[in-house]
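By written order: A, B and C. Residues from 1 in each chain.
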Amino acid sequence: MGELLQYAKRRADSLRGDNVTKTTYDAKPGTHLQLWLLVFAVVFPIAVAVIVSTKQTGVVTSLGDLLPGSYAVENYREALVDYQFGRFMWNSLAMSVVIVVGKLVVSVFAAMAIVYYRVPYKDLVFLFILFTLLLPVPVRFIPLFQLMNDLGWSNTILAITVPYIASATTVFILRQHFLSIPTSIVETAKLDGVGPLRFMLFVLIPMSKGVLVGVSIIMFVYAWNQYLWPLIIIDSEANQVAQVGLQLLQGDVQGGQLSWSLVMAGSTLTLLPPLLLMIVFRKPLLETFSIQQK
Amino acid sequence: MSTREIFDSRIQSGLLLLPTLLVSVVFLYYPTALAVRTSFFDSSFGQGDEFVALENYVTLLTDPGYHSSLLLSILFAAVVVVGVIAVSLYLTFLIHEVDTGQGLYLISVIWPYALPPAVGALVFLFIAHPTLGVLTGPIEAVGVDVNWFNNGPQAFVVVALAAIWKQIGYNVIFMIAAMNNVPNTLTETAELDGVTGLRRLVSVYVPIMTPTLFFLVIINTIYAFFSTFAFVDLLTSGGPSNATNILIFDLYQEGFSFFNFGVASAKSVVLFLLVGVLMFVQFRVTDEYSYYGA
Amino acid sequence: MTTVTLQNLRKEFDDVVAVNGIDLEINHGEFLVIVGPSGCGKSTTLRLLAGLESTTDGRIEMNGQDVTTVEPKDRNVAMVFQNYALYPHMTGRRNITFGMKSSGDFTDEEIDRRVTEAADTLDIADLLDRKPDAMSGGERQRVALGRAIVRDPDAFLMDEPLSNLDAKLRIQMRAELARLHSTLETTTVYVTHDQTEAMTLGERVVVMNDGQIMQVDEPQVLYDFPANRFVAEFIGDPAMNMIPVEIQDGRAVHETFEIPLPSGTDQLKSNQNGVGDVQVIDGQRAILGIRPEDLHLSDAQTDGQLPTINAEVNVREPLGDSLLLHCSIGSTSCNIQAEPRTQVTAGETVSVTYDPARLHLFDAETGEALYHSESRQSTSEQAPSKLST
């Protein structure tokens, strides 16, 4: 009740024009300050990691020690070469690229069938694919481990890529996007007698460039950041991925054989590929996210 | 009336769907079925299986360790979800309020989306390390004894902070889109009525963003339950004395430290049901609130 | 030579009947416009013609051949859509050639020759290397037309092609379409909800409502001799006034007035609309239809012996070239198109008279036309004599 009265009073005031409150703009300097502090908090940990990766020992016990060192080249070389991080990165890259390309191809196919073919039980098939959202890796890694042993795929790139190729998320996003392509364009293709292959290559894919890039970034980040499954299924260092490689480096630190600066160099290296992709392709990425939520 | 279904070859659509369906069946549905089956057996690595009916589930029901792991996971999820949503919402609001530097602020808070959890874990381990950490000194200066290698609650806080930090990026991405979708006229009406600052966020933006926020609550819950494995594994290994032994880590240990595949499978099935319930809630809630988006 | 015949054409979507038994002959080279309110089935009819929808029942013939189940690409028709349907990632040229290249029926030289020709006809040579993003709405629609004409199709099917353009451009493109049709003389079926477009473009106009054809005629005939109340009210803006009356002894009797209905039996017999003799319906209730422009403020000098009607002016709308008066005649509301700059104020009661040659009667229940005060034949006889005077 009191609120209502206040409201009425403010309303009357502003109508009279003598007490029109100037709102957001007053708060701006404070807003920037708060943003600076929060951004600092979000960036600080990774900034420390980058700085330490340039130092000799990685002993940073006070804020005063947070000045860049001169051992950057040395540290990164050592991590990449002596501690096999180059190898891990390469394995991660191979895994991520295979997953991204595989998912894209297979999901474009599936989404095209679901949107552009008049066939029975289509909705059921779509549900069947969507239902796999309920079966993330953590739910099934135990039996998947047994299955990989049976297939003899353990410790190979097959084990860390093929199970990821079917993607309900990607099919869903592509389907949503295909449904947003005007029907008249599709019908024009039909009137012209454009065949399915030509339609896919020359109409569908060019008209989905942004989404395909966005989905690729999402899938790359997802694949690159996988930790649990490679940890379980890859047991030779030669085939290991960067995420688990970090764990191996950390083990050496705990054992006292390695300096933290090398671990931070490895961490920085591992962060770079997804981070760069995300920054470069942020526009299609953000647009694709807005499709996903629908 | 108009239709996108311009092709009708069943063979073609079948071929297009085949890869997705094949991978889904072999690597998603079959392992899940296998997990359900194994959960009724006493199955250990390298040994024959023996049918034990519901014994594994009885074990779970009566195991106080599992109960506390379940409760811990729920507490952990609650802390992470509330933390992530609160921080991200406030950050998004601040970014939404400023005119200059919006793009730069945005990218400097959404980048953790690309952050590999393993990297995040190691960086946190380094900056908050009880003896070496750069933050340890300042924190101890205000009277807190940093001792999370041995102090359960502290370990819980460290893992939760790391998990929150990583998830901010993803949340801000969705929130900024939702907040930008709030019609400008509403913001202006609120200003005219003198609804300023945080009150505008809480009483104008949040209600309109409800569908997005619910979506994020579910996504963050699933994240907290499953995708935080690397943080636990690298920061605390579930310790000290199980203070951070959340379900997913517990399951990993059951399978790959103790090789109790029967019990581990039963735990997988429980996780599966958990995801199912969360997804179901999400669909119901999204349905209910979908009119907001129209 | 392209003639199209629709026989008892029917289309149902689930439980909605979109097209409910249509019979229609489309002549060679004709520009036929289908007009009607949204949901009347006009677009569905066009899409059935294109083959984009399958028929529920009935038959479609093109040049005497049954094409009811023929694939769209084999019907040799070209369609132009309201939203242009240009591929956004292709240049104008590629948009025009993509379909031809897909069909594989044309050599590259032939395609080049035809594109140049079409570009000349439509004056779009400078658009060929641009993408749709860099074109205006009118330019896009021109390229879409180019894509339609290069195929040299047997028929053009156009689905509201001008509706996305602004008013000025729409009028310009309308004239251009008319010119294009007179150059190419290709059979064209054009769907629109805009009656002005229908009247200006159509050689014949089909008025549809609720999935059925209400009337097919030349534009002026539709206007002068609407076959039913629906056509009478749909064609013409502002719409025809509908006044409930009772027929008594050759007169239309309203609560506030009565006017004689001119009744040359010769005229009534020659009426092609099957409209009956006014005597037959004596004593019956009916709807008197008079267009706003056929009502005018009475002037004692010129229309001395005509009966007058009293109308109360409620609202006046100066339209510039005329003055539209919203009036009440008794309990019936009615629009009158008066001379511009007439001194009338709202609330005033005015004396109104009418053009006796422009009266229509419709059945109060079915809406069928019962009577037009002038016969169809006499108009067509009058037309040349008007020219000579």
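The rule is simple: a residue touches a chain if its C-beta (ideal position, glycine included) is under 8 Å from a C-beta of that chain, and two chains touch if they have at least 3 such contacts.
The chain list, named the UniProt way, goes like this: A = Glycerol-3-phosphate ABC transporter permease; B = sn-glycerol-3-phosphate transport system permease protein UgpA; C = ABC-type D-xylose/L-arabinose transporter.
Treat the numbers as computed from the prediction; the structure is a model and nothing was measured.
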- [ ] Considering only C-beta pairs in contact, identify the chain pair with the most of them.
- [x] A-B
Task: Central chain (by mean CA position) - done: A
Task: Between chain C and chain A, distance of the C-alpha-averaged centres to the nearest whole Å - done: 56
Task: CA centroid of chain B to CA centroid of chain C, Å - done: 60
- [ ] Averaged over CA atoms, how far is the centre of chain A from the centre of chain B? Could you give it in whole Å?
- [x] 14
- [ ] Could you list the positions in chain B whose residues touch two or more of the other chains?
- [x] 2-3
Task: Multi-partner residues of chain C (at least 2 other chains) - done: 52
Open item on the list: For chain A, give me the residues that contact two or more of the other chains.
Closed with: 184, 187, 189-190
Open item on the list: If we count contacts the way the header does, which residues on chain B are in touch with chain A in the complex?
Closed with: 2-10, 12-17, 19-24, 26-32, 34-35, 38, 87, 90-91, 94-95, 97-99, 101, 105, 107-120, 122-127, 132-134, 136-138, 165, 168, 173-174, 177, 191-194, 196-197, 212, 215, 222, 225-226, 229-230, 233-234, 248, 251-252, 255-256, 261, 264-265, 268, 271-272, 275-276, 279, 293
Open item on the list: With touch defined as at the start, can you tell me which chain A residues reach chain C in the complex?
Closed with: 182, 184-185, 187-195, 198, 202-203, 206-207, 209
Task: Residues of chain A defined as touching chain B within the complex - done: 7, 10-11, 14, 20-21, 23-24, 27-28, 31-32, 34-35, 38-39, 42-46, 48-49, 52, 58-63, 65-66, 105-107, 109-110, 112-119, 122, 125, 128-129, 132-136, 138-147, 162-163, 165-167, 171, 178-179, 181, 183-184, 186-187, 189-190, 196, 199, 221, 224-225, 227-228, 231-232, 242-244, 246-247, 250, 260, 263-264, 267, 270-271, 274-275, 277-279, 282, 286, 289-290, 293-294
TODO: Quick one: which bits of chain C touch chain A in the complex? Just the residue numbers, please.
DONE: 50-52, 71-74, 77-79, 81-90, 98-100, 102-103, 147
